[in-house]
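If you scroll down you'll find the structure; I have some questions about it.
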Amino acid sequence: MMWKLVVYKEWLKIRWFLVGYTLLGILGVGYLLLTVKHDFAFSGGKNIWNSILFLGNQFFSPLKYVSLAGGLIIAIAQYFPETVNKRIKLSFHLPLGENKVLLMMHTFGAVSLLLSFVIIFGLFSGFCLIYFPVQMVIYSLITILPWVLAGFSAYFLGALIILEPHWMFRFYYSLVGGFFLTIFFVPAVTSAYSPANSGLFVLTAILSIALLFSAYRFRKGEM
Amino acid sequence: MEKVSRYLLVFIAILTLAIILPRLYWMAFEKPVRKPFILYSCINDDFMIHRISEKTWEDTKGQQYTREEYEQKLPMMFLKQLLASGTMPDSVNGVKLDMRDIAREKSFFRLKANEIDAPAPALYPLFESQSGRAMLDLPDDFFRITWRIEFIDAATNMVLEEKSQLFSATLFQYGFSFPAKTISGLATPRKSVDEGYLIVDAKDQLFHLKMIKGKPYVKTINVPEGLKFKYISCVDFKNKDFYAYLFSDKNEIYILTQGDYELIKWPVEGFDRSNSDLKIYGDLFNFTVVIESENQFKVIALDLDYQVVDTYTETRKLKEEQTEGKIFASLFPAQVSMTSDSSKFIRFYVSISKGLNWIIFNLLLMAFHFTLLFKRKVKLKNHLADLGIVAVSGIFGLIAIWIFPNKFFD
Amino acid sequence: MNNVIECKNLTHYYGKKKVFENLNFQVSKGSILGLLGKNGTGKTTTINILNGFLQPRSGECLIFGENTQHLSPQTKSRIGFLIEGHIQYSFMNIRQIERFYSGFYPNWKPAPFWELMSKLDVPHTQKISTMSCGQRSQVALGLILAQDPDLLILDDFSMGLDPGYRRLFIDYLREYAKAENKTVFTTSHIVQDMERLIDDLLIIDCKGVLAQTSVTQFMDSFNRFDFELENDKADMKNASFVVNLDKMKNKVELYTYSSESIVKKYLDDNNIKASNFAQVKMVLEDAFIGLTGKY
């Protein structure tokens, strides 16, 4: 039952950030859908559809960096307090394996992020289904998926960078991480990412244990 | 576990560097490709070549022309200029020139490889072909073809059941196998008339679908046995000679004539829809087909019976055959890009460098890393994997293992 | 196996700078040991190695027979660890932090924690981050005591505490450790505090261990003699019994493990004339400075 306690601690750290972020995300989606509703009323549904289908209108593009921001916010909220006064030592001293504690913390963060994304993008999809047929919504989601994966990657990379004890290496990781994240945001037509999404998913999954590396360096006394 | 996380991070870094470093390299060293502009002259019966950056105008025999002379050899293309300067001939090859004829027969078609390998739209508008109006109106509903054809009203986002059933039943009667493989048409109201869609069904049969006065118009088009169309590009040319250019799975180019639905194969070779850009200029006398691939520029002139009159080919060095490309292939083992000139899809486009020079450079880098390790007096046993990584991935791997150092792992 | 902590041949460098070489010491069960040393002699380094937050260049430390680089969860639950500066999860309040830690330790004894908290006079819903340094130290101590570990490792417990809290902390800790037969390994930069707390001491400098013994034995055997030389050029640095010698003009402070008679004999034998010869009574801090030097 120790994972519940770890979850409790992590929850205390990120709850307001998570709730605040999710609320902002919901407000953002709400605003986006208001503009869609407004455009439907003023331009007519067929013109909106036509512009999305044939004129490259990506009405959901304001969501582009929403999940990236979410990943970074949660990473900072969760791991920055651990680095203040090297507080992470407390977690490592808990009667659990060091990697186990980290993975519990990380899983909780990732699941929180997932829930937040599910709420934000679920709401988006739900409202879209009112205005657009299923295919158009799926095409939008295929386009949005790499952005969402970038959110998780940013969270994983954020943890890696924040927990790294050596500032120089933090800089190197940020450089690699920053360039890596650009592959999720290549400008492209709607649903162009469909062949790449599975690969991006695998890469994101690969990054999920990245923090073990910098945490290990911390535990071995890298300064 | 920490060890695994390190190797995974090294992998991520190698991938990232394999995207970024080559991109930076080419940004610094790539030279622009100078493409000639080549057309077939109905006057010379030869190709006229305009080299834009060199400002030269010549024919295939090397005869040089002034700009004015050059334009006079291509009256169909430079009609306005010749009219303005009063040098437009009255007749060509014994044919008296009529401005309306020239305008009617003039056509231009362009297809890039990345338009073929691109996401298809989710829905299509089916226009009313005989509305009696001068201008086309965007319809209120859009269709998709799944297990049937469905029309969805954009205002309500509801399926129009009656219309869907009517069109589905008609298509079914004509032997259409749902769903569709490709749906091709001009999905824009900005065209002279509407000719609906050419649809390839699940069994590679070709159909023509239009809506006339709210009712379906379907025509099954006779396709020779074994012929499969991978891509169809509908056209809206003034002369109404044909509906579309069609591209088969064997990279043949067909046209589909209007009215009698005859499929005519053009004797054009050298087109590869996965990496060629295609331009077709039509005029009163000829079709000039320009096929451009990375290292070749092929121009084929057809007469109006679609028979080859003349061909001209120019090759140029591939990027990898140029000095910069050779240096690139020595420094970098591979290049990864998320985008490609020949596709609109985002993928991990991996190209391994040609030749073996990069292996030599990789081994040099490995030796360099080995020397550093030797100087630091570390246990080499713990660094064998790193050395292997450098041997395989070269500069990318070396930077990656420096960024994610193999420290404390013993 | 009577030794709770056993460190063998510890050697560590930061880059090229040597911290210590071949450091050996052990801490036996039930003892309260203070690790003393001047700044930069590797007190925190030692603590970090003990807690598995630093991999020494060579050598190893064992706690309850386990290498501290790979402590098992069971062993970690037997160690109470106070981080320098009484660091705790400051985003929690008293109630939350008790709730958090109690779940990890099967032997959790909340009584000492709440007893200390009742002395604090802060609401249980107050965040630790808003507390004073002294209050935080009590929270950190209370948590360790409630954990009921067999070994307590305290890194510079006096840091940031005013004298009252320091006294409270020391007295409470000592009483608890003695009553429950706990082993304590501690450092503090205020040597004075240690005197009230520790039984044994371990004094290190960059050359290695200067002393490992009980405080009483150390204070009994380590002497300071003051005298005035007639000839202030007289040199006695090379005398074998001299541990440290502080000379201001002709006034000499001599630190030695030898007795008064041996020193006097040396002076006589070497024909060094000295007056006002007296043994000076020392507290631990004096002795520490005497042993390690002022600089």
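In this document, chain identifiers A, B and C correspond to the written order of the chains, with residue numbering beginning at 1 in each.
Following the convention adopted for this analysis, a residue touches a chain if its C-beta (ideal position, glycine included) is under 8 Å from a C-beta of that chain, and two chains touch if they have at least 3 such contacts.
For clarity, every value in this text was computed on a predicted model and none was experimentally measured.
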item: Lowest number of touching-chain links that must be crossed from subunit B to subunit C; value: 2
item: Contact-richer chain pair (by C-beta pairs counted) among A-B and A-C; value: A-B
item: Central chain of the complex, centres being mean CA coordinates; value: A
item: Length of the line joining the C-alpha centres of subunit B and subunit C, rounded to whole Å; value: 76
item: Mean-CA-position distance for subunit B and subunit A (Å); value: 35
item: Intercentroid distance (Cα basis), subunit C paired with subunit A, Å; value: 47
item: Sites on subunit B at which at least two other chains make contact; value: 408
item: Residues of subunit C touching at least two other chains; value: 55
item: In subunit A, residues with contacts to at least two other chains; value: 220
item: Subunit B-touching residues of subunit A, taken from the complex the two chains share; value: 44-50, 53-54, 99, 129-133, 135-136, 138-139, 146, 160, 169, 172-173, 176, 179-180, 183, 186, 188-196, 199, 203, 206-207, 209-213, 215-217, 220, 222
item: Subunit A residues touching subunit C - in the complex, by the definition given at the top; value: 1-2, 4-5, 8-9, 12-13, 81, 85-87, 89-90, 92-97, 218-221, 223
item: Parts of subunit B lying in touch with subunit A, wherever the complex brings them together; value: 1-2, 4-6, 8-9, 11-13, 15-17, 19-20, 118-119, 121-125, 138-142, 144, 152-157, 187-188, 338-339, 344-348, 403-404, 407-408
item: Complex contacts: residues of subunit C adjacent to subunit A; value: 14, 48, 51-55, 73-74, 76-77, 79, 81, 83, 85, 87-92, 96, 99-100, 103-105
